[in-house]
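The letters A, B, C and D name the chains in turn, as written, and every chain counts its residues from 1.
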């Protein structure tokens, strides 16, 4: 790894950290990625071309998308690429096809930020070094700025010596991983249908600095729902019987959702994280909304919880004679890593400077990841897939306002991934 | 009133009190009534002839009916009439049609007892005088033994001098007033369709001895339901997800039933009086049953509560993916008394020895009464209807194991009713 | 009534309508009232002098109060009186003591507006005539602008001829009637302790134009509560057991609150009008707030519902191991009008030009009113109290954004009240 | 193993199977065991001597105990020992102390039957061979008849050659394992405080015939509770507010119990298996009872669920202003087997005729077992403990009315256990 790339990685990461963009709004980010990989000589596909529109989950409203497009343009988005992204279709797929026979190897990084106000604490390094978020209320608090930079670093390495490998190297820059919203639409658009190998990555997640996990198996299947109960308002003193109480429907649903049975097939979760109902103390509430999620150690377990949840929601609506609309705004499945591929990547990592320890598998539950959609599809089609974690030192946990990483991890990650390119597709 | 009848009334009442029969099981009672009115010369219609089979609510099981038929035969039922009653159709309609033009005037008394163990307290008069219930677990604790006796007394008076009146006098001996189960089927069989006047009666209900209420308006409409949730059992430790939890469906229903909105149109009630679910601590409950009732100051209010209750029950079933069956086992409506008829009966009472005070209307809520079905039908067809109360001294409240009345009230009641016959149908 | 006062009443009402101020923020209003009654020669008591600080319910935050004081000053508040009101103690009591023996007669009007955006519909008269609210989000949508004007009109009449009456005339200008928040503190400050007669008023409420109700008896006792459940957040996927779920506590409370038993003593109500809980889909909710109210046909019924509600709220907190704080933000009691006083006021109204019909009592439920605190206190001390309604034509119902009254009602109301002064305290 | 013992084992097992006795009622069983081990020369301790009275869980009522004592006497209980057992303290501890230094090795078998009606199906072997239960409603449907027989077989072997081993061999015959009720009281009486080694056993549990598990680690900690809510009855129509609704408290508790949070530390369960409330449709229910259980993969997880459950129960009582009493009627903890001891027993089994396969550990969840109390105590005191399973062919699953075992397993089990005695305490 030349020193120049190390510097470049830091520069990319800090610029992205300073300009965080939430899911499906990564217009500035995607335009910079698109410009860079185009410049490097990759074949580039953008926006709707690599996203199945019907499979997009939890997209912001048109107003939010339009407002953000304006923001992106005002903050350095590259105009040439904005037409592809300005409606909220912000995926980028960069591909280098050598024309020579050889495997199709796909890497995936994600680009989106979180709805968090970044800390203005003096001890917070991004503040000290002047790359704290300038988009108040948005923050790269999960390291996707680093992931995107690593993707660009890998692209740079690949482009530097195209004679070094055979077959095809493809890099997916995915929008909206948070809330598990973006991967499904890219999968359905076919971007991994021909993959022989697939490697997804994450940094941090509690793995110590300089350690590496070659197969993260613990992702839980998950479904995120926004639910709206719609009833009829009436004066609670004068005509209570005229009302159709959406708030009580939601309260009853919340309680019974949490009472959904455990499953002997593995760990499950259900959480109604938000409930907002009613518009006045003396009015029968005509509307109530809930944000909830289900999880399962396996897709089967999650499917059970989700289908029970739908029963509860429909039943609550029947109980109170109100309407219930369920909007699936995020979804991830579970998937096991391919052992052989993981072993191979682990071997590469083991030889890489900066990696002191390789864990061959981590089965602990580690939240949800929609990269599992790509993995499942690849495996269904006969390919191999794994998900790797680069340990780093965290200033605070993921999704915390003081989250920060150790930038030394960036070049190490690029080295491991490029080493994997050579191991899988290298010409001798 | 001749002395002989007074003695007879007491004799009937004590015999009935000693042999209480619950709703649709009044076989012995009905056979004695049928025999008596036949003997007196009335035209008599029995059983299914005066009960619409489809409209019978909350009938005991065939086994219970058959077992009771045996009991009745063993305890003095009159065999000649048992074929009409032995399947649980225990209504008797006695009619005296003079053949002369004149109004059709209908009186209604009820015959059924309650599932109560009669007190064996030494101070309890029926015990002292040896007419305590010999059918353990059944008791005339609401005075229907008195009502039946009064009906027989009235029949006796009517038959004594058929030249004294014109038109038709009809007396309904109704089964299963408790739980509001019997009147609907008699109404639907048409027994009051041609009535010009209808008078229902009750004794007690808190009205002081020797006082009389000519229009009891406060009966609440009510619906009684037996509900069964049927799910699927499974081991709660090993395979909880295989279960379909009927107990939780019932618990959720119970809670949400009580949360049904109040109604601005008047007083309402809902009560889940019994809930029984499950068959083992470590088994997901596959069945749960509930006994519940709704009430409303008006039929409209009760209809609202009942329809909401059905929503809640169906919704709870959807929530837990179980089946729900609702069995309507009792129903009463609300009805206002006809003012003119009430005034007339009040005037008669005012002139009757033994009545010291007449109340022209009592609007206080006084539970439910399915005589309202007859009243509503009569009024719909253009007739007049009222419901009267004969005050008496009670040893303890209605439905109490030490309930007892003052027998002096019986001849007074017969006098008032016979006076009413003369007032309405008398030939000068 | 001279023409000049009629014009003045309209002028006052339109100025107040244009500058609506919500409960405890009536600083501009109170300063204008104070200036006017001072000018007329009344003895005037202001702010904390006539409000028991501890009995104030649902006062806005200090920040809201301070911000509004600034607004009031910018919009014509009379600076001389602002020191009394600027901290949110906005009551005014104007008294004319003749020094001559005679009864103490107290009138009460209220001054506060509602949190409603006034209609900008072209057909809305206040918009056409340029007195639509200039304080967006506040609106006189219940006629208290008219009440205050009527109070000032009555004061003008009283001051015009002080020789016409004996004893004392006192006029209460009360803050924060909406939400039943202000009367209790004035009552506790003793402003009606010596009253012989008390007359509260309202316009509209569905009574037709030119009709008058001399005794409005249907006010329900009511309690308004703001409830906060405080638990502990945790990640719903990773450490659900670390959370203490405030949202579920609130949902369970909401359901069980609505399931509180009906009361045989009269109509009752309970409503959870708003519930807001949680701060993220995948976080165990650490906080939830509810706005709820109870009502009862009598104070006894309301007390029952309220005490059961407190049980439910405390029980829900125990269930989920969270804290629950209950803030009583409004309270009204029930009270019956004194028949004799009502008859007397009715007789005056009957003789007044512009009144075509007098209703001697209206027992229909008509929401809640905290004037009942004054009434109850007056009656406890041996005085007589009533509450009168001046019918008027409404453009839309109370609390509607297009609410508007017929201004012809104002002078009629002043006439009736001044006539009452003469009837109760007049010399001759 | 001599042929004679094989025959004897079958004889014991069939006699016990024919005379099943439920928990704390094993009077006949214990008296036969006591007589046998006394005859063999063991030092024997009985009843309260080896049971801490305060720690007994879920004991039947005194009436049930007395009635069963009569049954036992009528069905062959040995009178000499009945005084120790007739009050329901039915434990037997048989000890052979060689007087020579050496380890204290403890074996534990259980003796109780289940409340199940044994199948009368013709294909059911116990029926065919005439040892079907003669105590209708009780059945050895979990193999404890076999366990007791194995214990007697082991005792026979031990007594046959006391010179073959050093130290002490102790055999615990425990009552009331079903419902996890008996072990705690024996543990608290100190019966394993000095144990160096502890071995608990079970047959069946899904392990195939001739296979052996040397360390069953999957037992879940569990708590069984009987809960009674006591409120106040009142007429649901006339005075609903007078009631204190125990049924609604129970319904609300049931729902919120199932809504207790999952735990990241492992599998958890909660089940309200039975709920019975109320005594009449039109009565506010004054009593409701529930049978429930909690489980956890570890004691920590179960403790969490149990403490949350107690919060829910207490909270529900507060909500409805009723009393709640919680009776712990069963409790088991979780415990891991000692690896070294398990390996040793596994090695013995491996050498035993009739065992074809040894599983060194089985971590799958396998319900609950209160032998874990003994195990935990032994390990706390520095000893080693394991729990072994002898696979057998089952006619139907445990707790099924057609449950039956293969009797060939009995001598094999005795061989393995006696081999373990020699391995642990053998001289030479």
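Definition applied: a contact is a pair of C-beta atoms (placed from the backbone, for glycine too) under 8 Å apart; a residue touches a chain by one contact, two chains touch by 3 or more.
Computed from a predicted structure; not experimentally measured.
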Open item on the list: Based on mean C-alpha positions, I'd like to know which chain lies farthest from chain D.
Closed with: C
Open item on the list: Of the pairs A-C and A-D, which shows more C-beta pairs in contact?
Closed with: A-C
Task: Between chain A and chain C, centroid-to-centroid distance (C-alpha), Å - done: 53
TODO: Please compute the C-alpha centroid of chain C, do the same for chain D, then give the distance between them in whole Å.
DONE: 68
Task: Inter-chain centre distance, chain A versus chain D - centres from mean C-alpha coordinates, in Å - done: 50
Task: Overlap residues in chain D, where contacts from two or more other chains coincide - done: 238, 240, 245, 248, 252, 255-256, 258-259, 261-262, 264, 269, 284, 365
- [ ] Report the residues of chain B in contact with chain D in the complex, numbered from low to high.
- [x] 179, 220, 222, 224, 236-238, 240, 245, 247-248, 250-252, 254-255, 258, 269, 271-285, 288, 291-293, 295, 365, 367-368
Task: Residues on chain A engaged by chain D in the complex (per definition of touch) - done: 255-256, 258-259, 261-262, 264, 267-269, 365
Task: Residue numbers on chain B that touch chain A, as the complex places them - done: 238-241, 243, 245, 248, 252, 255-256, 259, 261-265, 284, 304, 308, 311-312, 314-321
